[in-house]
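Okay, got some structures for you below.
Same chain, two partners: subunit A is paired with subunit B first, then with subunit C.
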Partner chain A sequence: MTAAELLKSRPYAPSAPEKRAMLLDGLNELTVHHRRNCVPYDRIVKALFNGADTVDELSALPWLPVRLFKRTDLVSVPHEKIVKTLVSSGTTGQLPSRIFLDRETASSQARILATIAGDFLGKARMPMLIIDDASFLRDRTRFNARAAAILGFSSLGRDHLYLLDEQLLPDWNALSSYLEAHRDTPILLFGFTFIVWQNFVEAALAEERSFHFPPGSALIHGGGWKRLEDRKVSEESFKAALAERFGIERVHNYYGMVEQVGSIYFECEHGRLHTPAYSDILIRDPVSLEPLGVGEAGLVQVLSVLPRSYPGHSLLTEDLGTIVGEDDCPCGRNGKSFRIHGRLRNVEMRGCSDTRPVPAV
Partner chain B sequence: MTVEKVFVSSLGISADVVHDDLEYGAIKEWDSVAHMGLVSALEQEYNVMLETDDVIDMSSVGKAKEILRKYGVQV
Partner chain C sequence: MIQTLFAVEPSVQWPELLASLGGDGRPGPFDPPALNFVGALSGRLLASHAGREFPELAALAHWFRPTRLARVRHELLGASSAYRLRPRGSVFIIAPANVDVLFIYGWLLSLLSGNATVVRVSQKPSPPRDAFLQLVRSLAEDAAHKEALRSSAIISYPHDHSATATLSKWCDLRLVWGGDATVSTIRTVPLKPTAVEAAFADRFSMAAFDAARILESSDRELADLARRFANDTMWLGQQACSSPRILFWIGSETQCDAAKDRFWRQFAIASQRFDDEPAAMMSRVSDLFTMAAEGVIDGVSSPLAQLPARARAVGPEDAVRDLHSGFGLFVEYQIDSITQVVPFLSDKDQTLVVHGIAPGAVAELVEQLPNRSLDRIVGVGQATDFDITWDGTNLLDLLTRRIIAPSRQAA
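Then we have the complex of A and B:
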């Protein structure tokens, strides 16, 4: 099965053996494609992975450290085919990653996001509240990963309201009118985890405001827990505050990164992140880089059959996670379920991926 | 209003650019931001509510007409 055929699968249908075979074919094919079309990638695979084109198991696939995209532009299609360049937000002192998308990769990314989200939310587009400000809509030169995520998720909703102003202060009056206008329909909310907490939940607490969202309303949020952990906010208290202040009972975190389009992992009703048919994760020991089993914490490697315009189909991230199980989540979805524990932040990757000499490219 | 006219007014482009083969992303006025405005303009004009898949599939003027026909709009 080719990567293109795999994209037609339902997100959580294939069982582990079916999925493994499909993914292996799709990912092997991508390794060949990228080696043929991206010279620096080919050099890395030759130098570090003995140049193997096809491998027999997912853990033997060549991978790139995710931060390589900060240092070098990697692309597998002619430059005139690039329709979109994604730039990571890049916190202070860090170089941003640059990811190049052609029409095919950009459109399969949009489609897969809709397919995965549809499994949790249904097909109908709900009225959508975005817990962010809309300034990037006016100044399109500031187009970064944050804007790309907001716009990507926007196609899941309609009648979009951006709740925050440029100082990230919520417009509660606008929210009241919006809830009045959409009294009988569940509302979809989207925002970055920390902004949702600080500029929506905490802002409402501070001003002693509460609202009643229609039953069935759902929040999708992503971007990481790190800053909430620093404030001792647990997932449970995050969810409890949303239910209590706003009547929002459905909350789905997601895990994903700009460097690997299509790897979008939604949290189910049982609090576990799920791998869809088109992507997978492996956990590796942070020191030996050997693959680890279920229940063992280590570095997360992400695999996806979507990245065709740049060699990002197999990446070692700097995030720590644990696989909880496979095909056995009480929510009924097949695929691996896992948890993310945070990032190896500000850690020079000594003892991790940088112990292997990455050749200058 | 014709589909072409909705494109002209929503994207702020001249009528002679709009033909069935005009593709999403081919002109700077039809980018991902403008696309959401265009979808909502079409929905309002024809009183329909498109599914997410159709929002994403709307990759040309011709494709927009095809999708609207699926919702029973005569274009």
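Then we have the complex of A and C:
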């Protein structure tokens, strides 16, 4: 099976042995493609991976550290083929990642997102509430990872309402009318974890407001737990507050990154993140980089057969995670299931300088 | 928000603090109260728990030991000359954040010179700094030391604070340690017209080893050499400006390969006592990828995650300067003679650590140094040593003024 065929399979259908063989072929093919079409990538594979072209196991695939995309522009298609440049949000003072997509890669990304989300949410497009502001739609200079994620996910629903204004304050009246207008259909909500908490849940608490979303309404949220952890908000209390304040019972976290299109991992009803057929993860020891087994915490390496326009098919992230199991989640989905523990701690900066932290992506 | 980390009267608020540091009737350079205070501080540090816990404080205490102070005083004041020495006046020191205790050298030299001194330290927490200031506070309880400390304040505030402007108008000398961006920003803040400034920006350092000399050495000699080079580089995670990041091997390819093999084997043993951290490893590994992508290196001589990491250089060294973030990464070049480092040198370069290079060859190199490149050529183990001469400038010359006047003995 080729990468193209792999893209057609159902996201959580293939069993481990089937998936491994398909992925390996697809990823090996991408290594060859990128070496041929991206000089810096070819130099890396020669200098750091003994010029490996095709390998026998996923853990032997050449990989790139995600931070590299902040420092070097990596492209595997002629410049005029680029239709979209994704830019990571990045903290102040740090360089953003730049990811270059051609038409093919961009459209397969959109298709895959729809397929994966469909598995969790059903095929029908729901009315969609976006817990963010819409100003990025007017101001394309701010088209960063956050905007790209909102735009990408917004294709999953219809009749969009952007709940927040530019100060990220909710418009409760607009929400009331929206719920009134969509009284009988489940509503899809999307937002970044911290914004959902601070500008939706906490805002409603502070103003003593509560709403009743139609049964079957679902929230998809992502972006990391770090800032909620700092506030001692657990996943349980996050979910409990959404159920209590809004009657939203279905909450799916997702994990993904701008640097690897197609790597989109949804959390199932059992609180595990799932790898779809087109993608996989490996865990590596944070000191030796040797591959680790199920249950061992380490750095997350993500693999995806989607990135053709730039060499992002095998990336070492600076996130820490643990594989929980493979093909054995009680939710019935095949593929690896895993948890994310957060980001690697920053190290101090170079030179006789004062305040520049090492960018940790 | 100004935070006063040390002042004799901690209750005095900013900006009244500045007036409390005094202006008239300054002591002369190396007057007994200042000498006694610094001597006592050195002794207390060496005997203290802090000195044992933080080797950088022990090194500092050793540097400021009374015998050295007496020698420095003698060199400074003893020579009969056509001028008299007085303190510069008011000194504003901006300290770097990456080398926690570097500010102490500048502060103590300024205090010894008799100046009113305000040091701005980074807002980042620093356990060795806290331990040091605790000791200073306890010495300040002694009336004799209190007098010596009356003209000093150690403060911290955010970078954009107006205090930088106030202090810049107040001081007669501004000493800035910081990254290139910090130095450039501070330079835009005006000084009073009579004031002077010295800024110590980001620098880069290298080492050059003679392969034949390494091959002649016994394992034991190499073990000692490796231990000293590990101190030069692995201490502070290769973050000091003077820690070498590029290593030149001098000799034929065969000689260099054999020498590298022997040296790095010993270095691996010597560097075992330095811990690696996942984030440091990721930084080092990302540097390797960036250098490979840019064609600066064409291979690694160690597994990717290993500490230290070694890379074979094929590309220009200016890219290495830009892309190298330290944390135990060595980029290796092979050359035929020491003077072949000359084309590699730039204004950014501060220290060249050398081993096995004849004094005559070093002298020849010094004569060929381009523009303002290289301020130090030192032996292995001395890279991070403090010296009154910093980046080519004598700090005591900055911290004092020469008064042209007849001497007391003059008729």
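FYI, the second predicted complex is superposed on the first by the 345 of 361 C-alpha atoms of A that agree within 3 Å, B and C clash if a C-alpha of one lies under 4 Å from a C-alpha of the other, contacts with A are read in each partner's own complex, and residues count from 1 in each chain.
Methods note: a residue touches a chain if its C-beta (ideal position, glycine included) is under 8 Å from a C-beta of that chain, and two chains touch if they have at least 3 such contacts.
In this text, all values refer to a predicted model and were calculated from it rather than measured experimentally.
**Student:** Looking at A:P286 after the superposition, I want to know if it touches subunit B, subunit C, both of them or none. Which is it: first, second, both, neither?
**Tutor:** So A:P286 only meets subunit C here.
**Student:** Is A:K123 in contact with subunit B, with subunit C, with both, or with neither (first, second, both, neither)?
**Tutor:** It touches subunit B, and subunit C stays clear.
**Student:** Examine A:H160 and indicate which partner it touches, taking first as subunit B and second as subunit C; both and neither are also allowed.
**Tutor:** Once the two structures are laid over each other on A, A:H160 reaches subunit B alone.
**Student:** Figure out whether A:S237 sits in contact with subunit B (first) or subunit C (second), or with both, or with neither.
**Tutor:** neither
**Student:** Have a look and say if subunit B or subunit C is in touch with more residues of subunit A.
**Tutor:** Looking at subunit A, the partner in contact with more of its residues is C.
**Student:** For A:S135, select first, second, both or neither according to whether it touches subunit B, subunit C, the two together, or no partner.
**Tutor:** neither
**Student:** Contacts for A:S176 in the overlay, against subunit B (first) and subunit C (second): which applies, first, second, both or neither?
**Tutor:** Once the two structures are laid over each other on A, A:S176 reaches no partner at all.
**Student:** Taking the superposition as given, does A:L48 touch the first partner, subunit B, the second, subunit C, both, or neither?
**Tutor:** Only subunit C is touched by A:L48; subunit B is not.
**Student:** After the superposition on A, what does A:L299 contact: first (subunit B), second (subunit C), both or neither?
**Tutor:** The answer is second: A:L299 touches subunit C but not subunit B.
**Student:** Considering only touches as defined above, state whether A:S210 meets subunit B (first), subunit C (second), both or neither.
**Tutor:** neither
**Student:** Counting contacts the way the document defines them, which residues of subunit A are shared by the two interfaces, the one with subunit B and the one with subunit C?
**Tutor:** In subunit A, no position sits in both the subunit B and subunit C interfaces.
**Student:** What does subunit B use to touch subunit A in their complex?
**Tutor:** Against subunit A, the touching part of subunit B is residues 25, 31-33, 36, 39-40, 43, 49-53, 55-56, 59.
**Student:** Using the touch definition up top, name the residues of subunit A that touch subunit B in the complex.
**Tutor:** Counting only subunit A, the residues touching subunit B are 83, 103, 107, 110-111, 114, 117-118, 123-125, 137, 140, 151, 154-156, 158-160.
**Student:** Touching residues of subunit A toward subunit C in the complex: what are they?
**Tutor:** 40-41, 43-44, 46-48, 64-65, 67-68, 71-72, 74, 286-289, 299, 318, 344-356, 358, 360
**Student:** Using the touch definition up top, name the residues of subunit C that touch subunit A in the complex.
**Tutor:** Going through subunit C, the ones touching subunit A are 96-99, 102, 122, 124, 159, 177-182, 200-203, 237, 239-241, 276-283, 285-286, 288-290, 292-295, 297-300, 304-305, 323-327.
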